[in-house]
Each structure stands twice: as structure tokens, then as C-alpha cells.
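Below is one structure; the comments refer to it alone.
Naming follows writing order (A, B, C and D), and every chain is counted from residue 1.
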């Protein structure tokens, strides 16, 4: 039996998981990995995607419900072998030029594509997070999607349906990314992560993953997080790296921090339509910048002032304290 | 085609669902109904249970993960035919006298009991909330519980297990209560409900139900709820009645409002051990009080001052406003 | 479209296609409680319905926002202005699992590149899925909106045979008839209304084809048939759609979209 | 128990059964990251481990609280003092689905009325389930802690044949061997340590019985065998458990539970 020898009663230290973006991507995103990048329009981990391009990762399988600009950039950056997604489009602002070229023409290289619906992707993360062999859902009946995606199968319920007959339902398999990367407003150094506004599927995508990188607008003091533990969407024990990267969701928005860059979304359809222009853009804005701070400097303060937001503070709640 | 004639542009009115406890129970809890009362140690809908006893409901099926004091009172009150639960005990403070008598001796009347584990109950609510025919879970393998509960069955996964062989998993059926009753800190008049501290299974139990009654410490102005929409655990469209009933969770606690009445928990083992003493207690404290306000008056202000809590306010977050 | 209405200031202003479709769609929402809608025409229609035929109706957005009170007209379903001052923001699991699949949506609004006579929709590809002529965005939540909403309204700006097809290139979001043939019990009625620049097609539920039930003033049945890729049947009692009223137009132009973001 | 220790002030104070079990259990937590534990002995053990062999170890409570920093010793797993100042409060679906079933718990602590040689547990009934002599609380989350934790520690204050049984009256929470026989693939090792007032029983995982691996000073193998309802095997190299050290006792008495709420 082990014999403890500790003599001090200092407070239990919390692990410090803060890292630079460069180190986090280098450590947790190897070539060939399955990488989930989640964030539904809000808090998209764009800066992390850019760093993956800078480091020249290859043969990634990218899982992302709404495959939008950062996905198009990763594909154009030569990083992606396969895409797993439920929506491939530039939000409401137009097309993803590179993604469409790859799928429609197979040039400059084909892109493997696994198609789902949104809830199909959500259920894959739910199954992954819960170590379930499958997750049932009420859609897919009669769709052609299962015919092109053999991962979507049927199960017969052991309970009779409302008509007393056996009932069938579609199921999807678990998705367990090697690493999930999400962007959040704030976290403490141990990885307790708080998100407000659209919280999307971030928590489930993190729980489903073997590793998780949390990119945040701010690393905050433990006391800030602990003042509102219900706001913590992802607890520290599910997190491997915390990366401070302000404005790292651009051109997406971060509720309460900055607004969506609608002009950029609209411009992407044009940039990505022409492969040469797209590569020149990547060279200039991603490969030609050292890191996200450099990218931001290049964008300029004036650009950012146009995305500034005003104040709308939540009413605090009382957690109470025993008297 | 219909021809609208509205001429005014007043703001869209939100429905007002506030009711008295008496009216809410009378309207939504008929004899024979399946009633879910949820709240995990925190925010137990005790006052609603007492009103069910006052109104003399019969033959209810009560679903409650942690069947504790309010369940024992409902059983002793003659309201319950069947109990669906995953834990039948008086927290850490002892026994539920009436429940044990009913199950162990069948006196004064037998109690039908459907036994689950906590996650089994959670998955039943999840299936109910999602209109799924079943919900799979990784426990129950080798347990004797499925032998005494035919609702717990097996499904074969359509995906091979890690060894390449077919994989089996247990599933539970959906639970769709006729009405779910939960207690919360606050809601607006339309039923947007905010809970902090332990949030338990309240949201899923409400979504799974045909009707939902929300009992709150405070009905607050719309602006309070809207200042922090991420705090809304149950949205208005899932709610049928909002009942203002301060201190309605006693002897359980309401985070930030009042503390747990530990003495009452401990005393319950003694009260409930003796059937005559238990009926006398019901006569005095429940049947003998007009409503929860009367019950509170009987408890006295001094009793309540011992349960008062101090302040520990959350740090507000900025939701932002377009400039 | 050539309907003309008199503006509140008295001058005649041409009714745009968006105004027409929004006004017509809004009237179909009488008696409904919850709507799942995207930005643009569907939100215009619901906002107008809130001010006219369905005062209590609530929009649930695919981003998870319930009870939005936006300070400005939102640009996307996830616009920050939808979130601030809203009543609830739900995580995706609750939105898709409890609200949509849970059966709490009365009417879902959908668009599509292609629709067939049963109200099945294609939003995935033009051509063969494996080597598509055009890769479209795919389902998003459309498959779930179709499978789980009480009924589905489709608004199509252009009624033509390239969209109203006898055979879809690919079925992304199937109606209940296809689900049944696949051995899956459907939970909703599928598409019950298709509102276009020519008129309204309708069907009641399982086993029923879309039929022409109403046309805009001046549109003939033959015109609609020619614009439809299948042998479109017309109702015995075909009605003529009343153009947007002055009240509807005033509400749309002054209250719902005063900056004419979507009423272009 | 009759171990005696010297208090920091120099006077000899008898080591209580709680102190003994908490100290012994804490040593078993070296190298572990996450523990699922109830209030009482398990939390005392983990709190002591945080100050000794496992500084980074985190307790996850069945109520959903992670990273608690309570201002006072909590009375229940849901005590308000566990919530205020905690790092995260999870809804039940996340706690049981993502954390526990998701495989993020290294060690789960469980108690039970009855345990058998394979580490199967009964917390439902004494006697026949349909007409029990005693109705016990049931599983709570025990079935899930057993099925999903990496391994399970059981702390039993009283080692006697009524608890350590050859045949359980009812199996509430089965170990992996029973799961396998039921055709279900187990995810964890089941019970690996049973810490009692007589000693420590251990097993490695699937296919292994609990064996006596250590005894408290002065306890004989025959004594433990007599207190066990099955033919208990002992390890070849049986060790004697070192009584709580002065350092362990000081930490327990001065830092972990200075008011002696659980160290009774």
C-alpha cells in the first residue's frame, strides 16, 4: 500500500492548459487526423483553421455541420481528403468555390464527401459523446441520402409501434474525432469554457473527441468562471488545450465581442470562384501571415471598428452563500 | 384565401399563462394521470405535490427519479397507484416509511413499482422528448432489473462491435407523462423558465410531457428573462401553466433563495415510520392548510430565517447590441 | 407580377414579388402556434402573420433562438440581433431533438432546388450525386423539418419546370409517402402548401398529390401546367388569390421591413 | 479498530474507522484523474488524495457538479455549498451521458447492501424483489457508475457474511462478468478494490474473483474468511496495511473535515 508523504495543505492546483495556437495545432492535429471544427455560424474556429493551413497539414478528415468559408479555405489549402458535413454553402451569401470545384469537377483533386442532415450530424456527435454504437432519429425515411452514405442504417424497435406492428427507425454511427476544435468567449486556464449566444453542438463535439482544443476570446480568472458555473458549457476535464486568440472567429461573430463581417462573406463567393485568386488570397492572408495577430494587423483597426458591438448586459443571478 | 384585417401595429402580445396552484392542478392533473415530478434534490416541486394531496387525486402514476419525501407524502395521501423511479430513499437522511410499508407489506394498499437506474430514467425522458421509440444505453447488461421490468429490452446494433461481431445494447422505452411539474427560480408570464444551480432533468421531463406546469419562486418581468436568454432552460412554447409559489420547494432548497431544511429531512424518517403519526402530519400540514402560503405561515418566519442564504452574484456577460 | 397597390401616402407603388409571396404565405398561418422558419420570405410572412391572422405565433430559428425580439431585421438565422433580447437560445440537441423531432413545430418553411408532385424535395445536387453538375448545400435541417413538422410550406419565387419536376435528380428531404415506402412511419403531413409566383399548390397529407388550388389574378391553369414538370391536377373549385391588401402592404413596408432588406 | 495515533498536539487519539478507511482508500487514488464519488467516506478519501498522492484529481458529483470549491463540508451530493464557486454544473444528460457513459471517469466509488465474489452489487432489496423483506433505495446512478467507470472502488464499513454473499438476493449493479454472460460488452473493469474494516479485496477485471490482498494490522486471513460468505481466496503475498500516518490524520482532521462531520 502506498504511503503518502505530502506535508503541505496548499490549495489543490488546477492544471494550466494554455498554449499558443501554433503549439496546440502542432501537438493535437497530425496529418491524417479526423478533425471536428464546430460552431454554428457563431464562434467559428477560423483562426485554428488558418493555422492548420500554415502548418501544411495533409489528408485530414474534416467534420463540420455547416461547411462554410473556413472549410473552403482548408480544402483550398490542400489539407483535406474527406469532408463530413450536413450543409456545404457560404451561409446565405453565396457559394464555396473550391468545394464545388472539387466535388463537381474533381479538380485539382477529388474530395471525398459524406453527406448528412443537421440532426444526423448532431446524433453522430451524441452517439460519440455517449459511447453508443448508434443513435436513432426520425428523419432519413425515404431519403436518397442513405443510398449514398452506407453509414446510415435501420434498426427495428423492440417495442411495437402505435399500430401494434414492428417499427423501424434509421440510426447513424458515432463520430469520435481525433480532435475537436471550438471557439468560445472565455475559459479559465484549466479549460472550463463559457459560451453564450448560440451554443450549437460545441459541447457534444468536444465530449465525442479524443482531444479538444478550446480557442477563446479571453482567458479569464478562475473567479469569473466560478461566479457562474451554469454558464460553463464544457468542463475542464474534457479539454486538452486552451488557446487565447482574440477575434479568432472572424469573419464569424462572437456574441458580445464583435459582429459578423458580412462583407467578407459576400466577397468570398468571388474570391473562391477563381482558383488563382483563391490561392493568391491564401498566400497573402494565411500563408503570408505569421499568426492570427498578424492577420488582424493586416486587416487593420479601422476594419475592426466597423464590427464593434455595444453593450447589453445580462442581469446577474444569486448563487447564494451559506450564512 | 383568408383576408387579414388587422389595422394596428401594437407589439405582438405574449400569452399570459400564470395561474394559481389550485387552478393549475385542477386543470392539468386528473385522476389516473401519469405525473412526472422532477428536480434532483434541488427545486423539488413539493408545494405542487401537497396541492395534489389537498385535491384528493387518485390512481396517479408518479414518475420521479429520486422518489423522496414528496413522493412518500403523495403515496400516504392515497394519490398514487404506481411509482416509476430510480431511487427510493429519503436522500441521505433515512427511509421513506410509507413507501417501504406499501412495497414490503402491501398495507394499507399495494404500490406498483417500476424500477430503473438514474440513467434509465433519463433515457426514458430523452426518448419521450425526442419522440423516439426507444433509447439505447450502456448499462443494464447482467442486471436483474430487466427481469423485473419488461420495459427494458435489447437491440442489436447494425454496426459491428470493436471485435467485428454483432453488438447488443439495452434500450428503454419513451416516457411521455400526461403532465410534468417542475419548480424553478423564475419565469416570465409566458413560461420562459430560468434555472441555475442544479438543472437536473427538468427540461427533458417537460419536453417529454403533453402538458407542463412550472412552479416558480418569482414571476419576473420579460426584460429580466430576455437579458439572459441562455439561462432559459425551458422555453415558453413547452409550458402550459406558470404558478408563482415562493418557497414551494421546501424542504428542498432553491439555489440563491433558501437552503435545504436538513432538520425536516431527518425528522421525516420518524414521522413516516408510524402510519398514524404520518396521517396526523398530513392532516395538520397539508389537508389542514388552505394552500402553500398557509403552510408557510404555519412554519413561521423564524423557521425560514434559519434557511436564509447570503449573496454570491454571477458576473454579468455582454450579449452585445448592434451599433 | 404586375399588381399595383396604393401606398399610404397615396402614390401607386408596384407590389414586388416578395411582398406578394409574403402576404399570401402569411394568410396560411392562421391558427398556427409555432413556425420553423429561415430568414427572408418565411420570416416576412410570419412577421406579417403576427400582426394580422396569428398574433401569438412564434418563430423558432434553426440557430436555436426562440422568442426573438430583434432591434433590426436579421441578415441570417444566426444574426446577433436575433439573440440579444430573445426569450431563449437552445442548444442544437434541444432544438433538433426536443423541439423539432419532439413534434412542437406546427409549420416548417422550406425551400428547394427541385420539388415533385408528392412534395419531396432536392437540395443536394443537380445531376448525379456522385458526379454532380451542381453541388448544392444539402439538407441542413431540411430533412428534419420535413420529417417532424406538423406540415411544411414551400415558397418558390419561380414556378418553372426545372424546379417542379416529374423525377427529382436526388431526394434530400422526403415527404411521408416516400418514408412509408421505405418502411418508416412518418410523423407529419409533409408539404401541404407550395406558394409560387403563379399560384398555390396544396395537398392534405399521405397519399395525396399536390394540386393547383389557387392562382394569382390573370394567371391561367394552362400557364401553371406548362410551368410544372408533371401532369398537374387542378382543384374543382379553383380560387383567385386576393392581391396583398393595402393594410398588408403597409405593415410589410412600414413595420416588418421598413429598410426593404428583403422586400426587394 | 484499535489503531492509535499521536495527534499534532501530542496526545494520543484513537483512529476512527472513518479515518482508517478514508486514508487507505485515498492511497489507492494515485495516478487517477477523475473520480465519481458520493458524500461521506469517498469524498474524504478523494479530498485527502488531493492533498497527498493525486493533487490534480477531480471529483465529479452525481448532482452534476464538477470542480467544486465548497466553503463548508457538504451534507449531500447536491448541497448548495457544492454549487456556489464550482467550475461547472452539468445537466443530468451531460453528466450521465457524456461524462459517465462517455468514459471520462477513472474511478467510481460505490456502496451496496450486498456484494459477491465478482464484485456484483445489490442495492435494491433484501429478500425477493416482488415481496421484499427490506426495500432499499435501488440503483440511483450505481448501475451506470459500475458499467461505465474505468474501475470501481467499494468502501464497506462492516465486513460480514450478510454483506459479502455467495449469492446476491438481487443484482442491481452487475460487474463485467455478468454483463458478458448477458451478451453485453462491458466498458469498464468493474469493482477492483473493496476496502473494509478488515482489509482490502482486489480483482483485476473480467474473469477474476475478488481476492484478499491486504489486511489491517492484527487481522488474520481466517478472520476475513469467516466474515465472507464465499470461499475467499487470499493472495500469495498478503501485505499488512500501514495505519493512517500522522500526516494523513492531520490533513483529515485539520483540513478535510475539521468539524468532524464525517470523521465520527
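One rule holds for everything that comes next: contacts are C-beta pairs under 8 Å (C-beta built on N, C-alpha and C of every residue); 3 or more make two chains touch, one makes a residue touch a chain.
Keep in mind it's a predicted model, so treat the numbers as computed, not measured.
S.K.: Using the touch rule from the top, work out which pair, A-C or B-C, shares more C-beta pairs.
M.R.: If we tally the C-beta pairs in contact for A-C and B-C, the bigger total goes to A-C.
S.K.: Could you grab the centroid distance between subunit B and subunit D? Build each centroid from C-alpha atoms only and quote it in angstrom.
M.R.: 30
S.K.: Mind checking the centre-to-centre distance between subunit B and subunit C? Centres are C-alpha means, answer in whole Å.
M.R.: Roughly 38 Å, centre to centre.
S.K.: Cα centroid separation between subunit C and subunit D, in whole Å?
M.R.: The answer is 58 Å.
S.K.: Can you list the residues of subunit A that touch 2 or more other chains?
M.R.: In subunit A, residues 126, 130-132, 137-138, 154, 161, 167, 169, 196-197, 199, 203-204, 227, 230, 255, 259, 309, 312, 319-322 touch at least two other chains, as defined above.
S.K.: Going by the touch rule set out above, which residues of subunit D reach two or more other chains?
M.R.: If we look for residues of subunit D contacting two or more partner chains, we find 65, 80, 83-85, 89, 93, 97, 101, 148, 187.
S.K.: What kind of graph do the touching chains make: line, ring, star, complete, other?
M.R.: Shape of the chain contacts: other, as it matches none of the listed patterns.
S.K.: With touch defined as at the top, which chains are paired up in contact here?
M.R.: Listed in label order, the chain pairs in contact are A-B, A-C, A-D, B-C, B-D.
S.K.: Using the touch definition from the top, list the residues of subunit B that touch subunit D in their complex.
M.R.: 40-42, 66, 85-89, 91-92, 99-100, 103-104, 106, 115-120, 122, 126, 137-145, 148, 154, 161-162, 167-170, 196-201, 203-204, 253, 255, 259-260, 262, 309, 312
S.K.: Mind listing the subunit D positions that touch subunit B in their complex?
M.R.: Subunit D residues touching subunit B: 39-40, 62-65, 75-80, 83-85, 89, 91-93, 96-97, 100-101, 120, 124, 129-144, 146-148, 170-175, 177-187.
S.K.: Enumerate the contact residues on subunit A facing subunit D in the complex.
M.R.: 1-9, 12-15, 126, 129-132, 188, 190, 192, 203-204, 207, 222, 225-227, 229-230, 232, 235-238, 319-322
S.K.: Subunit A touches which residues of subunit D in the complex?
M.R.: 24, 26-28, 30, 33-34, 48, 50-53, 55-56, 58, 60, 65-67, 69, 71-72, 80-81, 83-90, 94, 97-99, 101-104, 148, 187, 200, 214, 239, 241-242, 245, 247-248, 251, 254-255
S.K.: Name, in rising order, each residue of subunit B that touches subunit A in their complex.
M.R.: 130-138, 153-159, 161, 167, 169, 171, 173, 185, 194, 196-197, 199, 224, 227-228, 230-231, 255-257, 259, 308-323
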